[in-house]
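You will see two complexes here that share chain A, one where it goes with chain B and one where it goes with chain C.
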Partner chain A sequence: MQKYISQQNLNTLLDKLIAKGTRVVAPRMNAGIPLYEPLESSAKMVTDQLPRRSAKEAFFPVCEEIMSYEKEGQQVKLTDVDPARFPETVLVGVRPCDAAAIPVLDAVFSWDYKDEFFLERRRKTTVIGLACTTADDACFCTAVGLSPAETRGSDLFLTPLDGGGYACESYSEKGEALIADNGELFSEPDNSMPLPLAVPQADKVDLKKVKRWLDEHFEDPLWDGIAVRCVGCGACAFVCPACHCFDIVDEGTEKAGKRRKSWDACGFWKFTHHASGHNPRDLQPKRYRNRIMHKFKYYDDKFGQTLCTGCGRCVRICPVGIDIAAIVDEINKK
Partner chain B sequence: MSTRVPDTSIYFAVTEGIRAEANRLLSAGEVTAIVGYTTGRRTGSSQPIIVTDADDTARLCFSVTSVNNLAVYLTKAKKEIPKNGKIGIVVKGCDLKALVGLMGESQLKREELYLIGVPCVGVLASTVQPSTELTAETIAPKCRECDAHLPSGCDFLPDVALPPLPQLDGKYTAEIARLEALTPAERWVYWKEQFAKCIKCYACRQVCPFCFCEQCLCDRNKPQMVDTTPRPSGNTAWHIVRAMHLAGRCAGCAECERVCPMDIPLNLLNRKMAKELKELFDYEAGLEVNDKGPLTMFTEKDDQSFIK
Partner chain C sequence: MCDHANKNIYLPYLTTVAEVIDETPDVRTLRLVFQDEQVRDSFSFRAGQFAEYSAFGAGEATFCIASSPTRTGYVECSFRSVGRVTEELRRLEVGDSMGFRGPYGNSYPIEEFYGKNLVFVAGGIALPPLRTLIWNCLDLRDKFGDITIVYGARTEADLVYKRELKEWQERGDVRLVKTVDPGGAGPEWDGKVGFVPTTLEETAPSAENAVALVCGPPIMIKFTLPVLEKLGFSDEQVYTTLENRMKCGLGKCGRCNVGNVYVCKDGPVFTAKQVKAMPMEF
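== the complex of A and B ==
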């Protein structure tokens, strides 16, 4: 179902949702940088910059409490976090590369173990994607089979129009419901044309071919060549919309505290450090190899999907210029 | 069109000089490796490279995006880089201060290094695209206050004269003055907001030449010293530990601030600590090889007014 919504009506819609108590998460400025964070007013939404972190944190926060404990004498009282208290959410202004990562994450969070923290937020969230009209030379969604108009992962998808406002297409029941509940704010599409979409510079990569090469090259000089300079931080994993590793720690005192889940990264030496002291990924190239293997081989082996949507965030922020687009392109050309 | 301030045209000749010297060194077997910069895929970008074959020296370059402090690769924390024999390293003036500090801390020996110095007019800020021109607006904040455009005591310097450099007002100086003028409560509001953005990616730690501890206090879990999760308590602890452990050691390469994906102004903390040490102990890091820093020794000149 295609509809039209003006910028003003989109703002009215968001303000109406906020007034109703819905959590509205959108790109906004926070202490100098754009992030996907809750809005207190639609006026705070900023859509002309790619948020520094991805939209995954609407479902998979940087850090969250999963349980608390209290000790009295010999008794330990455990209190679970009840996912039912997670709020209804509308996630709006989501870049196509961020929205496309959400169904990719669904696969792992609903696999052998159902992660109710992720899944409950997911059930309660309506995703409104937004087509990209600008890209830089780190963007490479087109290389991994997506595009600035990719609608995968969006319940509603907005395409900016030359006369202002957006063409709004619905892709799920959640999307239909949001339009139906706010029918007065949407109208029939007029004749205005979509604004020209962004044109990422990257050539399409044959992901199956890349995977076949990875199947056979666990040991290869490539890994030392690209990753001897990797400094082993968590920056690439933390800004990535698809990376999903986490750590679980108890924080507090002997008497009381909380069990928390927070992002982890395969770039850290500690990530595979065994209690014995042995570390099977003892050097950085082995850790970086895991990043590529997980994204372009293991996740495909397991779920038939690729764990990279070409958002280019890791390319932009890597302190030592490690460029995953260039690496995948190099493997593709082998 | 914006005017080119400062003039970066010398970087072509600098690049030529680095390549020729690296080629000579590797061909003659004088060094086992050269740590330098090479160009990346993105327009204008450059990145670290370790060259061990004279045939690869043509890949070396120096440009406004040659931002990294390569000293980090010479520390024991970077086990991947073999430290056998003499190693050549491309250094800007600000990077050299870190090497001097590492020598003082017995991490490096001068005779095992071959220093290829760079006459440097400045590099780009991390907040702009690598294809951006270097101007008074796009230059890295540290370069605005640089006192080391020409590194001294190197084994080789490309034969290029520094062009006249524009006088730029110091952003760190101004921002520190602004923060100093606030009340402690107001300052705390500012830092709480900044620390709240920290996601504990530790990019700041991993690029720092002085963060070579085999196990960072903040990674320790037997016993756990500091909360590891990115929350107010652990974040504040991390930033205090970092600032204190670098006081008297950090000489201001500003790598931590450059790489922070959350744009936390880490170098403000470093510069403030440096300012305090200058005032309290008349000490400046990175100027000469000292085997003891101001916080690891006592002299009778030290301020003792706190002993009552």
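== the complex of A and C ==
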């Protein structure tokens, strides 16, 4: 179902949702940094900047409580987290690279044991994607088979039009419902043309070919070459829309406290460090190799998907200039 | 398996420490009884599976379940105090509460071992992941052929489960060969002196209709596998467990993988054939 919605009506829709108590999360400025964060007014939404971190944190927060404990003598009382506390959410202004990563993450959080922290938020969230009309040098969604108009992961998808406003297409029941519930704000598509889409410059890579090379090259001089300068800061994983490794830590006193699930990164030396002192990934190139392997081989082996959507955040943020797009391109050309 | 449908998969069961046994100066065994009666009655697992054990305030640590699935009503874990969580677990006394999340992972295919001779080879602190299976097999003794256990540690003091070693030694239906590294024997040592692989070679168990189950430090495994090969064991006849660092135990947190193999889901029990096919990342 294609509809038209003006910028003003989109703002009205968001304000209406906010007034109703729905959590509306969108790109907004926070201390000068664009981030996906809850809005108190549609006026705070910024659509011309890629948020510093991805949209995954709407489902998988940087750090969240998974239970709490209280000790009384030898007894311990555990308090579970009530999933009802996850609010109904509309995630809007989501970049196609961020939205496309959400169904990729569904695979790991829903196979076998179900992670309800992720899945319950997922059920309660409607994703409104937004096509990109600008790209920078680090964008490479087209290299990994996506595009600035990729609709995967979006319940509703907005395409900016030359006459202002957006073409609005629904891709799920949630999307349909949002339009149906707010019918007065949508109208039939008009004749205006979509604004020209962004054109990322990276060459398209053959992901199957890259995987085939990775299948055979666990040991290869490439790893030392690209990762010897890696400082292991983990920033690439923290800004990534698809990285999902986490730690489980207790925080509190001997008497009471919380157990938390927090983002972690395979670039940290401690990530795989055994209590005995042994570390299977004792050197940075081994850790960086795991990053590439996980994204372009292991996740594909397990779930048939690639753990990278070409958002380019890791390229922009790396303090030593490691460029994953260039690495994948290099492998593609082997 | 825990019934975790639509539940918080990270929430542990509460257990009470029922017994504390010091195995060596730094290795301790805790016997845990589930506080929830229903869990106590229904909990089951298979030999080889592992769990996440909580010291609330410090966090979780991963160990195998060291007791046998044939002994119900409790579980046991044995651990060396080397980190924040294990130091806290060590401070627990009888009656204290502790968290338990599990059982997780695959297990030894014990039914495939029926009718076969079993050769257990363990070194140092790595006896717990075999002890669960040893007792499992001894409790079903008629189902197996000869049982040989080769177990060694650096010194006499480093041998774990000393009471059980004595019991196995005194049983007529187990051949226990215990050994300590050169220099590790006390004046009353009644076992062998020598490294585990050498002792295994001297013991020379037949590979005919047998499986070997090997757990130990990487260096011991490295030198034991060629001995087993020399004795005629194929890589499909040899089982071991891998013990990578884990957090969730559920195939999500992303750190225990060896290549594309997730130790928490695909393991921790592997055949030597499977291990040899893995990249060197364990």
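Points worth noting:
The rule we apply is simple: the second predicted complex is superposed on the first by the 334 of 334 C-alpha atoms of A that agree within 3 Å, B and C clash if a C-alpha of one lies under 4 Å from a C-alpha of the other, contacts with A are read in each partner's own complex, and residues count from 1 in each chain.
Definition applied: contacts are C-beta pairs under 8 Å (C-beta built on N, C-alpha and C of every residue); 3 or more make two chains touch, one makes a residue touch a chain.
Since this is a predicted model, take the numbers as computed values, not measurements.
By the touch criterion defined above, A:62 lies against chain B but remains apart from chain C after alignment on the C-alpha atoms of chain A.
In the superposed model, A:301 makes contact with chain C only, not with chain B. By the touch criterion defined above, A:3 reaches neither chain B nor chain C. Touch criterion not met for A:44: it reaches neither chain B nor chain C.
In the superposition on chain A, contact is made by A:80 with chain C only, not with chain B.
Within the superposed three-chain model, A:266 lies in touch with chain C and out of touch with chain B [touch as defined at top].
After overlaying the two complexes on the shared chain, residue contacts for A:217 are found with neither chain B nor chain C.
In the overlay built on the shared chain, the residue A:249 is in contact with chain B and with chain C. Of the two partner chains, neither chain B nor chain C is touched by A:16.
When the two complexes are superposed on chain A, the residues of chain A that touch both chain B and chain C are 247, 249. Touching chain B in their complex are the following residues of chain A: 30-33, 35, 52-53, 62-63, 136-138, 224, 228-229, 231-235, 237-239, 247, 249, 251, 260, 262-263, 265, 268, 270, 282-285, 315, 317, 319-323, 325-326. Residues of chain B that touch chain A in their complex: 40-43, 45-50, 68, 72-73, 78-81, 129, 131, 193-194, 196-197, 199-203, 205-207, 219, 224, 227-231, 233-234, 255, 258-259, 261-263.
The touching residues of chain C, when paired with chain A in their complex, are 4-12, 14, 16, 54, 56-61, 80, 82-83, 86, 93, 95-97, 99, 218, 243-245, 247-248, 250-260, 265, 279, 281-282. For chain A in complex with chain C, the touching residues are 66-67, 69, 71, 74-76, 78, 80-81, 108-109, 111-117, 218-219, 244-250, 252-254, 257, 259, 261, 264, 266, 271-276, 278, 280-281, 286, 290, 293-294, 297-298, 301-302.
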